[in-house]
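Next up: some structures, all given as structure tokens.
Shared between the two complexes below is subunit A, which pairs with subunit B and subunit C, respectively.
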Partner chain A sequence: MLEIKDLHAGFDGNEIIKGISLTIKKGEIHAVMGPNGSGKSTMAKILSGHPSYEAMGGEILFDGENLLEMDAEQRSLAGIFMGFQYPVEVPGVNNAEFLRMAHNARRVKAGEEEIDPLDFDDLLSEKMKTLGMEKKYKERNLNDGFSGGEKKKNEILQMAILEPKLSILDETDSGLDIDALRVVSEGVNKLRNENNALILITHYQRLLDYIKPDYVHVLSDGKIVKSGDKSLALELESQGYDWVTTAN
Partner chain B sequence: MSDEQNSVSDILEDSTYKYGFTTDVESDTFAKGLDEDVVRAISKKKKEPQFMLDFRLKAFAKWKTMKEPEWPNVHYPPIDFQNISYYSAPKQKKVLESLDEVDPEVMRTFEKLGIPLDEQKKLANVAVDAVFDSVSVATTHKKKLMEVGIIFCSFSEALQEYPELIEEYIGSVVPVGDNYYAALNSAVFTDGSFVYIPPDTISPMEISTYFRINTEETGQFERTLIICAENSYVSYLEGCTAPQFDTNQLHAAVVELVTLENAEIKYSTVQNWYAGDKETGKGGIYNFVTKRGKCLGDGSKISWTQVETGSAITWKYPSCLLIGDNSSGEFYSVALTNGHMQADTGTKMIHIGKNTRSSIISKGISADHSSNSYRGQVKVGKNATNARNYSQCDSMLVGDKSSAHTFPYIETANSSVQVEHEAATSKISEDQLFYFESRGISRENAIEAVISGFCKEVFKQLPMEFAVEAQKLLTLKLEDSVG
Partner chain C sequence: MSDTLVESSAESAFLDLHKKLIEQGSPALAELQQAALNRFELLGFPHSKHEMYTYLNTKELVETAFGLSDGSKKVSEDFVAGHIYPGCESQCLVFVDGILNRNLSRLEGVSANLVPLSEAVSDQELKKYLLETIEDENDVFAALSTAFCGEGLVFKVGDNTQISGPVQVLFVSTGGSPVMHAPRIVWQLGKLSEVKVIEKFVGVEGGYFINAVQDWLLAEGAGVAFTQVQADVSDSWHFSKTRVHLHRNSRFHSSNASFGTQLARHHYDVRLKEEGSELRLNGVSVLDDKEQVHNFIRIHHEAPQCISHQHFKNIINGHARSSFDGTVIVNQGAQLTSSDQLINNLMLSNDCHADNKPNLMIFADDVKCTHGATIGQIDEEQWFYLQTRGLSARVAKELLTRSFAKSIIETIEFPEVVKDLNGTLLKKLEVRND
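Moving on to the complex of A and B:
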């Protein structure tokens, strides 16, 4: 599904990602861990097409297509979803209306008719129920005044509505309380199937108890310095990053 | 899919000023320059009653003693008032019996602007008075309105047919010497619209005037007078465009509204005069307009809604004099500036009667190198017991070269009043737009959503079709400015 080949990337000419290769297949879950500032969010932004970040070498294929040639909108429509570490607030734009716009953009792409507000409301209510979200998420403006945890939950609600092929969740677990972490994780698990894939960026092994990764990669200074299975996360938790970064 | 693509390509196609064409019509234009003889000649040309000429001469005498205001936060080279022609009219042989006699070129111009005037195509629910340069060329739905006693015609016609109404009300809201441009207008105005709603009448349709400046070296000085008698209601729309010239044209209009007991006038404007070249700032309209409403009767109401998206310079403060007890005034404004535009706009709410209420919602959007100022005055007289005002002035900055300013003036002479003022500044950021795009929503739709969210309270006040138009207009003007 996703093939990253020797990717070099950054912004304003600063190279942050210094040669990453990674292949992700349908149905897989990859966890990406690594110290602060190692380039995890930068990698996620490159994948989702943030205009301030540029690829400086290498390539990315998504379902065989050259991802770097698509803009953010096209990538989203192609099935990539990014759950932001810091979701932006948009005052004045109603959350439910925003979700409907996003949903309709997909329908239009698929050659279907736009959904009307009432039908969409039913769909939204159903998704919100599975994620255990209160009604206020419909009524409020997009992330406007949301708490850190509420913003993260709202990202997952968007993921549920958009049903992406590949989701990149950037520290979705940080800021969630213990109950919310469980509910959100269960929600993410429900959205999984053999045709989609997940990249989980996290600092905590705890999330991986709920959403079990097939692979764990450690990013340090813009490179993947170690890959392994779930046990790698446990080792990191007990030994810290020095263990992998210096061993390299 | 096709709908979606259409609207996007429409937007792209529209990204230059689409009303920038001129129309080739033979016109009757005075030589440039202004003196008392010009004023007399305008009056004579229009076969005006004596009181009108006296009014003009008084205004002209006053104007000569006045100076252009320097307090607005706008900058432009001095205007040479002798280098303007004060009268230009499409040439017509005689008084028109029907629309069929209007110069087809003029009719086509309005059609191109989306304002079909001929009997077959005219807009079903909107009566239109079309003003071309300084002259009203056509008024639709007149008969239908007359059936319920509503007078809707050009100002010139009203002067012939209903001189007593004009004599009673003209200058009663904006006195001849009110300000520099109002005095100039009072001396040289050529045409405009007149509306009279008789008592106990709800206008069966929207009434509108559409202004078009066509000639390069004329000024447009029109005059609108709307009188709404006891227990009546009218919603009035005004639209404006002008061709693209490298020189600046002056538009100095005066609008006067009067409401008697329990009457209500809702006045909406979408102004899209040519704003000058986006890069160089060359050309564009100087929009120096005086608009004022007088709530004369108890319980009456005047509400101004404006969406200002054009003009090189805008200087405009639609205001309300709240004289009747329990009367109320509202001002809803969206002012967008981009390129090198400058706007200094706002309102004045003057509370005179008891229990008078006013509310002000102003949304300023500034992009590129433009400057956008809100200037508002709330003045409460000593007899205005229990008067209330609420003001909210929000600014949105697009990019980092534009500026927004807020100048609220509050003056109260009565201790029982409540005045509230709120202000906020926000920004459309690249990260917000990226957030939308990363959800598969196009940039155009993202801008539209953010802007319409910002302007929601104002757009809500506009008639439906106008609101849709206004939203599109703002989106297309901002597209190049964001990011």
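Moving on to the complex of A and C:
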């Protein structure tokens, strides 16, 4: 599904990602871990198409297409979802209305008709129920005045509505208390199936207690320095990142 | 206010025009018109450094050779009907080129006393008020408006009278040639009376100069919900002065939505004269090409325990310009005043321009006053965020600009006006957002 080949990337001419190769197949969950400043967020930004970040070498193929040539909108419509570490507040844009516009953009791309507002409301209510979200989230403006936990739940709600092929969740666990983490994780797990894939970018191991990864990669100074299965995350938790980063 | 430059030829053109007006006008109004003309002569047209006109250039306006309109030009009923909001059909006043047209108006539902200004000035108290406002007038265009006011209207609402449903006032300018007209309405609201008013300014063809003055005199406990839609032809001049006097516990809530013209200016002069009175003054403008909207506001807190809120937003594209010059004056003794003033500008092009001058003058020592202004562009992170959800750059930008205007448009109490603005004013945002 996703092939990253010797990717070099950064912003303002500073190279932060210094040669990453990674292949993700459908049905898989990959966790990318690493200390602060290792390049995790840059990797998320470059995958989502943030205009301030540039690829300086290598390539990324998504379903065989050159991802780096697509803008953020095209990536979304192709089936990539980015769950932001800090979801942006957009005052004045109604949450439910925005979700319907996003859902419709994808339907139109797929050659389907736009969804009837009432049918969408039913769909939204159902998805919100599975995420344990209160109805008030429909009426509120997009992330406006939401707490950290509410914002992250709202990201997962968007993921549920858009049903992406590949989701990249950037530090989705940061700022969440344990109850909110459980709810968000359960929401993510419900959306999993054998046809989609997930990249979890995280600093802490505890998210991986709830969402079990198939592979764990450790990023340090812009490179993957170690890959393994989920037991690698437990080792990192007990021994710290120095154990991997200094060994390389 | 003495720093005026006498553009003798420009002013004498208006003086000549005034002679014609006096010949054909109502003798009952002649005294008012003459007093205002004297005031106009004294003030003179402003030069560019004039305090009231720092941010706008009136040169082309004052040098245009205007004619007078007598309100006799025909406007089709269909044109009028197209601008009357649903629900206002039985309560609408239609002014054509500044004169109330009784054939096009529908007054049967209006439970108020509508008196032509020429008759109303026989009320010595009203006449005294009008003459005093002329004497105190520092805005030369407002003085010019009174000097040229046609058959204006006094809209009297009796004590304890609540007018059900909104009353619409439609100002139609026929245009087509440089014609000046000066509609005048005095709204007199009795104790504990209430009225909801929607005003809309439209034009058939461009070239005209509408220079309107309105007075809102609210007695104790009166309440007004006022919405103005300035939707003139862009090739026109629109000047308006809104004078508001608020007595004990009265409320004046106003929202203005402006499309802009080659030069549009709104002047508000509000006096919170007695305890417990409340003012809300909101405005939104969406400007493109060379359109302009300028707001000049003076709020006088003259009594304790009064509240004033101001929030203005401008969305500016192309070579458009806007300005906001607003001062809140809290008099000595106006303790426990609560006042806020905020101006937000969203700039969509490299060539647009906004000037802002929020100002506070406080002479009391126990008050809460805030003011501020922002000038910004589309937030790149918000824009990117929406695009990561599959919205095109164009749609995402439009959604953000619409959301910027929304907080003001939502304060408009009339759903039909909101619907109209969503489909017209905010539609202007769709054209150039690529």
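Here is the rule we use: the second predicted complex is superposed on the first by the 248 of 248 C-alpha atoms of A that agree within 3 Å, B and C clash if a C-alpha of one lies under 4 Å from a C-alpha of the other, contacts with A are read in each partner's own complex, and residues count from 1 in each chain.
The definition used in the following text is that a residue touches a chain if its C-beta (ideal position, glycine included) is under 8 Å from a C-beta of that chain, and two chains touch if they have at least 3 such contacts.
Here the structure is a predicted model, which means the values were calculated and not measured.
After overlaying the two complexes on the shared chain, residue contacts for A:G13 are found with neither subunit B nor subunit C. In the superposition on chain A, A:F98 makes contact with both subunit B and subunit C.
With both structures placed on the common chain, the touch criterion links A:G111 to subunit B but leaves subunit C unconnected.
By the touch criterion stated above, A:G64 is placed in contact with neither subunit B nor subunit C. Across the two superposed structures, the residue set of subunit A contacted by subunit B and also by subunit C is 48-51, 71-73, 75-77, 81-82, 84, 87-88, 90-93, 98, 101-102, 105-106, 109, 141, 158, 162.
Those residues of subunit A that touch subunit B in the shared complex are 48-52, 71-73, 75-77, 81-82, 84, 87-88, 90-94, 97-98, 101-102, 105-106, 108-109, 111, 141, 158, 162. Considering their complex, residues 1, 4, 426, 429-432, 434-443, 445, 449-450, 452-454, 456, 483 of subunit B touch subunit A.
Residues 379-382, 384-393, 395-396, 399-400, 402-404, 406-407 of subunit C are the ones that touch subunit A when the two sit in their complex.
Contacts from subunit A toward subunit C in the complex involve residues 48-51, 71-73, 75-77, 81-82, 84, 87-93, 98, 101-102, 105-106, 109, 141, 158, 162.
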